[in-house]
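Listed next: structures, encoded as structure tokens.
Below, chain A partners chain B and then partners chain C, in two separate complexes.
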Partner chain A sequence: MAELVTPAERRRLFTLLSPAYLWLLVAVFLPLSAMLFFSFLTDMPQDAPDWGVTLGNYAEFLTNPTYSTLLAKSLKLAVTVTFFCVLIGYPCALVLAKSIKGRSREALFLMVILPFWSNSLVRIFSWAIVLRGNGVLERAINFVLPFDVRLNLMFTTDAVVIGLVHSYLPYVILTLYLALQAVDDDLIDAARSMGASKLTILRRILLPLSLPGLLAGAVLVFVPVVGSFMEPRILGGRMGTYYGTVIEDQFVAVYNWPLGAALSFILLAVVIVILAAASPVLKRAQT
Partner chain B sequence: MSRVDVANVTKKFGQAVALDDVSITFEDGGFFALLGPSGSGKTTLLRTIAGFYFPEAGTIRIGEQNVETVPVEKRDIGMMFQNYALFPNMSVADNVGFGLRVRKTPAAEEKRRIAEALELVQLGAMANRKPSQLSGGQRQRVALARAIVTNPRVLLLDEPLSALDKTLRVDMQIELKRIQREIGITTIFVTHDQEEALTLSDRIGILKAGRIVQAGPPREVYDRPIDAFAAGFLGEANWLPEAALSGLSLPGSPGGRRFATRPEMLSISAEAPGEGRNAVKGRLQQRVFAGAMATCLVDVAGQQWKLVARDRDIPELPGGGEVWLSWDPADTLAVPA
Partner chain C sequence: MKSAFLLSLSALALSASGALADEIRVLNWQGYGTDLDWSLKAFEEATGHTVVHEYFNSEQEMLTKMRTNPGAYDVVLVNAIYNPQATEEGLLAPIDTSALENYAGIPADFAESDLVTEGGEVYGVPWTWGVTSFAVNTQVFDPVPDTLDVLWDPAHAGRVSIRDDAVEAMQIGALATGQGINDIQDLDAVKAKLEALMPQVRTFWGSENDWNQYMAAGEFDVATYWSGSAARSAAMGLPVEFVVPKEGAIGWLDSLTIPATSEHKEAAAQFIDWMIDPEFYVKWDAEGAPASANADAAAALDETAFNRRVLGDPEVAARVQFQTPVDDDTRQQYLEIWQALKAAQ
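The block that comes next holds the complex of A and B.
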């Protein structure tokens, strides 16, 4: 950043930045502070006149193993979903960025982005129709195959993973597309002129150079998936109890906002710790 | 080191014909410049020889091997790109060693050959730097070291110096020529810079619209251009207007031919020159001083002629005044109209 010399420049910068900071204050900082405050209460002030301040909500997480078990389950889900998003998204982005040009690229892009434009609830229920017993997928498979196939995907962890991967795949494809697009085609040509096979080019040039985009995409998927609740609830059924659904329950069903808030902040802390632990790797990838 | 034979090669992109029945031979150990305006097919020819494109018709031989269907990674060539194309994630040594590692060269030999190549381009001390820490000229040298370290059969250069500034470019030209002589590699060089082509190469091929117009040693192409395009593209040409031809001593009859002179062949004077010289009359438009040299722009029967001479050899002449431009009849260029 350029050095600010005069007070006038400082003032101008402050004026220009203030709308953004004001927005952050109102839309992010205030609600978060309120939630942080709630997480230390025994009851919501409007419900119980005898509310007090406590650490009990955080203690609850530590004493009741259910929460930490569910958090671990959610983290595992996030790892799985991120893994599949990258596994499917990388080849897609590679093909979009390096193999396809012109109108067909635009058409494919549209198909990648389309899930973004549809309502997420609609999207999830569509998956329910596809995945349920005797649903679209099973019928299609049985139509082709001579023997009877029962997938029983609905209300399983697999269904949750499929729904989440579909929802978050565009993030990975778009960030990777940008990263791969930035790799000069001459680099690939140069590697080929030196005798490198496609696999060598992928391993030694494309992967290292697109690693920042890959990690950015992975973070974009990982963080929201840890706290996801809609997909697990609808596609997971009884299997779909995750950390995110428990938090949601505290707010909409049990109406225990303080506990919900506390659980949310524990999740936030865990995510920050994970990202901080990964940051040396992230930093190395950027140079 | 090998010679490269291109025979009857045609390459199309959709409807557009990029190379139209091109035949040309690149001698073993020679330094060949492909020169032409943009869109003339010079880069397409280079990339077809490299193996990035496969021709629709014709054959390409490198040494004794027909390669027109061999993909680039199996052609054993070295190539240098316009924008260096160094791998930004690797050190200088790893960039240079890339081709060796792909060929599974033993580690000790790899190390020795990287050091040799970097020594050749005088960058031995930079082995551990990243490309982003190098200057433009240094990057260029790394790209050259990387292209020759595998001892390829042919070195292909795609406008490698065009990204450098003028003084650096001249240094690199000398350097490139030295290294090419030292290792004796067959080199094909694409450029749109005629001066560069003349300085570096021992043979020049001029391309236009996917065809080779003329190929030969630089002096021959410069002194005896085969047509008006070659005369105007390599060097500059002052075309003799039809009306001025009578009374001049010309090589051959004027029927169906056009005549020209080179700017540096002309002398300028206020009076008509003596016997034995061709001369035309014109009006001095401008005299541009450029240090040692000077350029005069002269209006000859509505055409602008250019004269280039040492400034001290040009007499004081009034601007807008009538002048004579004269030259040795032997220096007249003649091309089919």
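The block that comes next holds the complex of A and C.
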């Protein structure tokens, strides 16, 4: 396509694109390269005059089993959260796209997007209030049920999953909604007229056709959850040590920026490998 | 006495080299004594100097800020175990203690400690000290326990908390296994002891604010804590009592220092003198303060005040082991043990 544009068009393209690329260069590329540079240092230059270049920070990941254990734990968390987001989000998106029309759809949409408008820290702290012992949830349940219920959800892995699912559910619903809405209603009608059951329609028509949206949503959830640190720290209690929290510690508490940067890039590499491994599926879904 | 003191301070201010009204920039933890509004207002009235604050969240951050912003600070709070390192790096200026009226009240143990002096020069004015141990919810405990073992008591499983800090956790473990906090011989014993503590833990706390919220929400029966913070929490109305157990406790000393690059050294010295003034301390203590390093200030407290009643008791003070500097390798080793323990949960 590049060969087809005339010089005038090329100039116009350049003017239109350069603000975005300039912004990306300044806001993403430069800090990221600085971090990459830090990850190969023995010490931060301002802290130690005798700093040098090393691979030790990356070797640390390989020699200390703590980091790989935590990375595995974080990956497992991300898989769990993604699974529940899809499980809850798919029916919701399906109903929004196919069953509800008009104003009530707008109202429901608003409810889906509403969490986006509040600060994520506020959302997590409100979950802390709901989940803690004798908190809002326990009181509500005990108000309805005749017997005493002790959920004790706060400071457990479950609490972390609940908080994260709530935070990331809108991504899945929105991408799935777009994918499902693009499915032609006539296809469903045709299938139904030929006697397909609802389950068959879901399995043979809706699921395959909405797969790109589903995978896009899953990636949008999976990637940030692997590196999440705020939610586990607040909701997870002593179970809340994950790969993300250890990276945060390196930057905030221990002041070992080089190690923190190295751990971050290892995470980035692992995520890229996972996405690359999934790319054949992603490509097939798109065609 | 007050007016005489104020007069002397203003005289000092007038004699100061022309710079009558300096802006002193203080680097400290937030909400830690130097930034009390009433005190700063009185200080400004007395000396004409205004005080602005910048805060740090960890000692490493404090050191980095001093290294990277020369001239930006006039008074910096330095935990005494970081004093030798900061002095060696040339970050601190020697302090002329003869200009400090209240310096004489600081006992030799603190004032002449190796931590805050170097080659006969004073690089830090001992300001406050305190104890890291634990505090209990008095609604749960009657009587208040006198042993560290209560953290490991199965009766309080899931209602215990410790701070998410490798060195502090290891030193608590050292006390519980009967070892010296500054020279832990049997690391495996400490590790095993902490491993046994983990299932007891509800969550880790990070800041005083965390601690107060969890305690107020009834999440903790017993949690490690700092003596000064416990006094503040109790002053806020929380049902807590600080314990210095029979196994001993971790003592720390905070000093006020003047960076070598400060451009307002005389005003900074005046502010430090203000901070170690017994009159200031008594008012601060009413709001919850750590123990003052100035013996005159401690003696000026009401007899019922925690900082005089408990920490002023020589028998209690004898149980306190004061921290000495932890070198980077040991710190790293502690951190690895602590992270491995947390990751295994």
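Note that in this section the second predicted complex is superposed on the first by the 275 of 287 C-alpha atoms of A that agree within 3 Å, B and C clash if a C-alpha of one lies under 4 Å from a C-alpha of the other, contacts with A are read in each partner's own complex, and residues count from 1 in each chain.
As a working rule, a residue touches a chain if its C-beta (ideal position, glycine included) is under 8 Å from a C-beta of that chain, and two chains touch if they have at least 3 such contacts.
Note that the structure is predicted; figures quoted are calculated from it, not measured.
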Both complexes share chain A, so when I overlay them there, do chain B and chain C fit or clash? fit
Who does A:V136 touch here: chain B (first), chain C (second), both, or neither? neither
Just to be sure I read the superposition right, which of the two partners does A:G195 touch: chain B = first, chain C = second, or both, or neither? first
Is A:K73 in contact with chain B, with chain C, with both, or with neither (first, second, both, neither)? second
Pick one for A:I272: touches chain B only (first), chain C only (second), both, or neither. neither
Counting only touches as set out at the top, which of chain B and chain C does A:I113 meet: first, second, both, neither? neither
Which partner does A:L30 contact after superposing on A: first (chain B), second (chain C), both, neither? neither
Specify the partner with more touching residues on chain A, choosing between chain B and chain C. C
Touching A:D184, do we find chain B (first), chain C (second), both, or neither? first
Using the superposition on chain A described above, determine whether A:L209 touches chain B (first), chain C (second), both, or neither. first
Minimal inter-chain CA distance - chain C and chain B, angstrom: 46
Pick out the shared contact residues on chain A: the ones touching chain B in one complex and chain C in the other. none
The residues of chain A that touch chain B in their complex are 184, 186-187, 189-197, 200, 204-205, 208-209
So in the complex, the part of chain A that touches chain C is made up of which residues? 44, 46-47, 64-66, 69-70, 73, 132-134, 154-155, 236-241, 246, 249, 252-255
Chain C residues touching chain A in their complex are 57-58, 60-61, 63-64, 67-68, 164-165, 198, 201-204, 217-219, 335-336, 339-340, 342-345
Chain B - residues contacting chain A, complex: 50, 52, 71-74, 76-79, 81-83, 85, 87-90, 98-99, 102-103, 146-147, 150, 156
